[in-house]
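Next come two complexes built around chain A: one with chain B, the other with chain C.
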Partner chain A sequence: MSGRYLLSKVGQAIVTIILLIILNFVLFRMMPGSPERILGRNPNVSAEAIAATRERWGLDKPVFPDQLVSYIIATANGDLGFSFVYRGLPVVDVLADRIWPTVILFGLGEIIAIILGVALGAYTGWKRGGLVDHLGNGASLVLYATPYFLIGMTLLLVFSVWLGWFPTYGMYQVGATYNGYFDQLTDFLSHLALPLATVALGLIGQYSIVMRSSIVETLGEEYITTARAKGILDRNVLRRHAMPNAMLPMATLIAINLGYVVAGAITVEVVFNWPGLGTLTVDALTARDYPVLQGIFVILSVSVVFANLIADLGYQFLDPRVKA
Partner chain B sequence: MRRPLRGRVARTLAAFGVATALILPAAATPATGADPLILRTGTTQTVQGLNPWSVVDVVDFEIMTLNYDTLVGFGQDVQPVPGFAESWTRSADGLTWTFKIRPGMKWSDGQPATSEDARWTMQYVLDATKAGRTLGLGYLEPYQTAAGVTAVTAPDPETLVVTTNLDNPLLLQSYIPILPAHIWSKLDPKTASSTFQNPAPIVGTGPYQVVEYKPGQFVRLQRNPNYWGNQGAADQIVITTFKNNDTMIQALKKGELDYARDVPATQFDELKANPGGPIVTTDGVSNTFYELAFNTYNKPIPGGGASTKALQDPKFRDALGYAIDKQAIVTKAFAGHATVGSTQITPFQAGWHAEPNDLRTFSIDTAKAKLDAAGYPLDASNRRLDKEGKQITLRLAWPGAPEEATAAALIVDWFAQLGIKVNAAPQDEAKLGAELLPPEATPPGKANFDMFIWDWVGDPDPTSLLKVLTTKEIGASSDSLWSNARYDELYDKQLAETDSTARHAQVAEMQQIMYDEAPYHILYYPSQLDAYRTDRFGGWRNQPSQNGNPLFGFGPLDYTYLTDAKAVVASPSPSVAVSASPGSSEAAVATTPAPVASAPPDTTVTSSSSTPLLPLGIVALVVIVAVGLVIVRRRREAAEEE
Partner chain C sequence: MTTPALTPDQVVLPRRPHRVAGAVGVFRQIIRRRTGLLGIGILVFFTFLALFPTILVGPLQTATTATGPRMAPPQPGYPLGTDELGRSILNLTVHGARISMVIGLLATVVTVFVGALVGIVAGFRGGRTDATLMRITDFFLVIPTFVLALILAPVITSLFGTEGEILGIRITLFVIVIVIGLTSWSSTARIIRSQTLSLKERAFVDRARVIGSSSRQMMLRHVLPNVTDLIVANTVLVFAGAVLTETTLSFIGLGDPFAPSWGQILNSAQEAGAPGSGAWWYLAPPGVCIVLVVLAFTLVGTVLDEILNPRLKGRR
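And now, the complex of A and B:
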């Protein structure tokens, strides 16, 4: 891969991110309804108070060019501004608490779903037509079709309420005293278990189905017949000849989905009260908290573009047929 | 060849460990005595911040009154009781108040709390009002301006003298928290009420102070060891924001929550149907009314405004009132957990509520007759015409709660029987708020609406709910854009009225005018539905005592009366009898340390659920390790073969 190719790809990514950031800004301001009005629905609040709040939040200046220019300059300096809803708390602080829980929950969920989904898809594809295939494919379809919150609430009811094995909500038990780090880790893991299972189960379906059809396609190729004829063990034919070729469509799917790890899934967070970016986005949207929304979308844009950039560049290694 | 594998696994585990360490709080060291007794409450509201000037929602006020005292407290029936001030007297002309500040009070950081702190706080508000500055969002200083405070002095550490120019008792209901002057006077006055975060640990004289705050997630408060009043049984309070009612109720049922606020009506009945269990439900009186509001703006607005002039006609609005079956709405939308609405004074302000004369009854025929008589006939296709000869089609919007949707669907149906077509759709709250704005607002709006369903929440005093219908508030809080000279006149009178009987008469007349002219049809007063457990905490009391709820009311009183339900059960000593009376709950907690320690520790939830979890956690780690091994082995085999 030539340096020029790499540079041009990275350059494209950067330009995309800049355009996205500007677009986000414009789109949010186009929404009807302004943030200070929502907070002003109290008979005790005077018109002057609302006007003062509007001014403090910089909303009295015209959108073009004043607000846009100051926004671009601030973002370029890494200053994401102050939240309206959380009364002047820096956006960076608002986001900091929510990014890691989202990444851990969805990152781990994605990894587990990828591994299990690929394994399940490969196995059912290899054994196509048999009972294993029907069961596996059927299960994948059911899981793919089921919305996150339904999986989540079912797991919550069964494992938390009826069996009592896991806690109902939150990321850890607030105010609990721990006997050492391992105790704390156990508390965290017990809170993580059900949301993680929900995310993994919700995602397995699509990976398994795509992998299965990809394997089925690959198995028709001639090199598979050759490999078999050479006397290579069945499982090695699957693992070292079929799968590397079947993984190509999977790589695209994984890259696309990894970009959304940061976005999280709002419904899982709502069901388990998991403090992630999804619920933060919805709250900020309802309250028109522009700085927080802009901050979230900067992160989101960067992560999606970056993930696709990695996929683009990584294709060189996965598929020797693709040359720069 | 073994080394890369071990290194890889070690690195994966280390990364996972670092990641979790980053997001988990620093592990609290275990207390040497009993585990702290934690009261866990849940709400669907989000805390907006710890700065008291930024309060918006009920949960913000709740946290504020736990952290800080108000000058005068709120009693069991929301009557004035000692707060920061122990007692007070009033001059003969009612314009000078002398407060005796309780001696020996300490802030939670140990500094002495005196009248100087109260004086500083009130002076801060006075200075801001004089300079035309708003404090935060302006929710709090109206309490002082409505009382007409003009000056405040502290002649000695136990005396506070407040001078007012209005002879009314509103100073006793002021929600302004007394702040520690030794901390707040060092801040820039302009940013202290706006961008100052007031980070934990907060210094206050209230029973509990915030020690941990995660925006949008929870707030954790710790007992104030220097508190002057009753020490409630809870050592800590955790208020968690739930995004989802169902999870909150499940957590309550399972015992992971002690108190749930705003239980949905359907689940309320289910919880109530199991009496004798540890869960108690309270169906409290509400301080909220929901209205069907009309656009009564009486000037034309180019490109906006109501779709018909009929909405400006009180007779038209009055006739429509006969086509609304409020009882049906209460039954269908709330399963009965609401009260039929009448005036803009809620049942919570029972002393001021005056049922109007000639209440409307539900009768489609009467409505039709009244419309005909008022000059709105039916045309050939059975549609109502307004006085300009146009068919009447009304738009109806609401911010999206399911109860509002039910009410809207019923209204569409009833009005259709009158020949009035209603286009109903829910709207995002911010968008709806923007559409209601008239040309007088900043920025000016087009008031492009006909009808909507929304609510208002009141204070103990009726002034705020009366205010939203005055002419002065058009462009500010008035959303019906209604204007009635007599109503405005009465509003100003009752604000300054000193004679209680006269004020009651004025407020009653205002309610009658509003009912007759009907800029709002008050649909219902939703009950405040809460539920709580009695197996960990006892001593729950309602505020107001007859028909209220224990928590999220006015002031922190009920937190200070909570008792440790398990300690009472575990100790057969006479302290059981002692703990029943309010003043000695501290004695009960102090004299029975041993039973409290031997009672199951607060972390019963984790200890019971962590037993199967420990092996499961290990299994999870093993899975990760196994996956790592598999990946590495495949790579090595690939390198070996071919």
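And now, the complex of A and C:
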């Protein structure tokens, strides 16, 4: 990998993040009520905290460039202001509690969806035109057209309410006491099952559609014909020759997709009352808790920018032809 | 032996009749394919619902005009059951068709307009304009635009207020349209730009330049007609995305309870605890409608792409 390529990609990511913070700054000042009033209106923030924040944010100085510069420095140092609702807690502390449930839910969901989506897409693409292809592709299209929360509501209705196999909401049984670590884990997993299935199903449709068309595209390539002519087993042609090349577009899709997955994350968590960033977003939205909302925006966008950066750099290893 | 110089206006190709024939031909090609026919059929059905909801199920029921029992399963008089206020779900769902489709349509128009404008200008101008516009486009491609939409909604609401109507549409719905438009134009811009880049090098654009057409004229008369196919195919897919985004925004509470779209109905269902109490009749009708409409647009969009995109021809 050339150093220049690496540098330019990292540079682009940094510029994007700075633009994000500037956008956030502008929005913060367009919000109903100035930051001054927002701070003053919050009865839970002490006078000293307000004075300190005024100084840190440079609210006595002109908006541009002083306030903007102070804002960027404050954000870079992890100061995202104070929540209105959560007893004037710093936004960073409010977010910190909610990140892990979301990371677990979506990290696992992505992994499951990638494995199953790639497998389904590769298989249907390989057997294109057959019955499996029609059924698999049809199912993928329907899943793709279904909003996450609708998948979640359906699973909840069938598996929690009608069949009673899984609990309906939360991450742990409310007020439960556990006989040891294993008990707690079981409770956690039974709460995790349905939201996780929702996330995975929501993603599988898209991944399998892209993987299928990608496989179909490689099938026309000469190296596939060559591999077949050499007498390699059909399934090995698929696994060793077609799939590695067909996987390339997937890497980009998965990274770009992250920005959209966030939208799904929010709704899935609402359906199952999963205590992650998604439910926090909706609570903040209902309570008009702008500082928290903006903190969520910063955290999510910065993670998505990083994920894209990693995908860009990883692409080099996957595809040696990319030498930008 | 001087030939009179042609003014740019004289160099107009007789393209209008050709276009119309092309559009009819493309439509025939769409309905010749099974998936295309299915998609068109679903869309015709929902367009019908959206055009005549009052004739089909009477005026939209509100909390005060609701007549049914509360949260009741399907029964005579209420074929799809009732909600927590006693409104007929059938009534809400049919009226929801109009609201969902109109918001989707307007948001698509905004999205495609901004995307095509940015794409054509960036591709045609090139240089620094292109670099700047594409930087902005990439920015919007990368960031989670949905969360941006959540933050933008209250900002735009505070700019416009919550009361009143624009073009007969409640202002809260208009906010959703603008928010979707502002946050989802980037991929359209990318697609249109790359096509413009290749068009710019074609001989007919050079000819137009030689006879002294202005940039604006070249973009409007020579580039735009040639990216129309692409814009149409993209529009259909954008529509699917717009309906999904509207549904999701409404579901998490940014919709308008007085103009219930399908997403708004599902939001009310969630708030009323319908999933947990097994009220399937509250979830299924709006849910099925959303899936069918998005599926139909995706099918038609894919078929259109196959027909219009020469690279894909002959590949199935």
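Simple rule for what comes next: the second predicted complex is superposed on the first by the 269 of 324 C-alpha atoms of A that agree within 3 Å, B and C clash if a C-alpha of one lies under 4 Å from a C-alpha of the other, contacts with A are read in each partner's own complex, and residues count from 1 in each chain.
To be clear about the criterion, contacts are C-beta pairs under 8 Å (C-beta built on N, C-alpha and C of every residue); 3 or more make two chains touch, one makes a residue touch a chain.
Fair warning: this is a prediction, and the values are worked out from it, not measured in the lab.
Of the two partner chains placed by superposition, only chain C is touched by A:Val142; chain B is not. In the superposed model, A:Phe306 lies in contact with neither chain B nor chain C. In the superposition on chain A, A:Tyr169 contacts both chain B and chain C.
Of the two partner chains placed by superposition, only chain C is touched by A:Tyr260; chain B is not.
Look at A:Tyr315: by the touch rule set out above, it reaches neither chain B nor chain C. Of the two partner chains placed around the shared chain by superposition, chain C is the only one that A:Leu293 touches, whereas chain B remains out of contact. Of the two partner chains placed by superposition, chain B and chain C are both touched by A:Val270. For chain A, the partner touching the most residues, choosing from chain B and chain C, is B. With both structures placed on the common chain, the touch criterion links A:Tyr5 to neither chain B nor chain C. When the two complexes are laid over each other on chain A, chain A has residues 31-32, 153, 156-157, 160-161, 168-169, 270-271, 286, 288 in contact with both chain B and chain C.
Chain A meets chain B in the complex at residues 31-35, 37-54, 56, 82-83, 85-89, 93-94, 97-98, 100-101, 103-104, 115, 153, 156-157, 160-161, 164-181, 183-190, 193, 236, 239-240, 269-273, 275, 279-280, 283, 286-288. The part of chain C that touches chain A in the complex is made up of residues 135, 138-139, 141-148, 150-152, 154-155, 158-159, 240, 244-245, 247-248, 251-254, 263, 266, 269-270, 275-278, 280, 283, 287, 290-292, 294-295, 298-299, 315-316.
On chain A, the positions that touch chain C within their shared complex are 12, 15-16, 19-20, 23, 27, 30-32, 128-129, 141-142, 144-150, 153-154, 156-157, 160-162, 168-169, 216-217, 220, 256, 258-260, 262-264, 266-267, 270-271, 281-282, 285-286, 288, 290, 293-294, 296-297, 300-301, 304-305, 308. By the touch criterion given at the top, residues 19-20, 22-25, 27-31, 35-36, 38, 46, 48-49, 51, 54, 56, 132-134, 136-139, 142-143, 194-197, 212, 214-218, 220, 236, 238, 240-244, 246-248, 250-251, 253-254, 256, 428-435, 437, 441-442, 456, 459, 464-465, 467-468, 473, 475-477, 602-603, 605-606, 608-610, 612-614, 616-617, 620, 627, 634, 637-638, 641 of chain B touch chain A in their complex.
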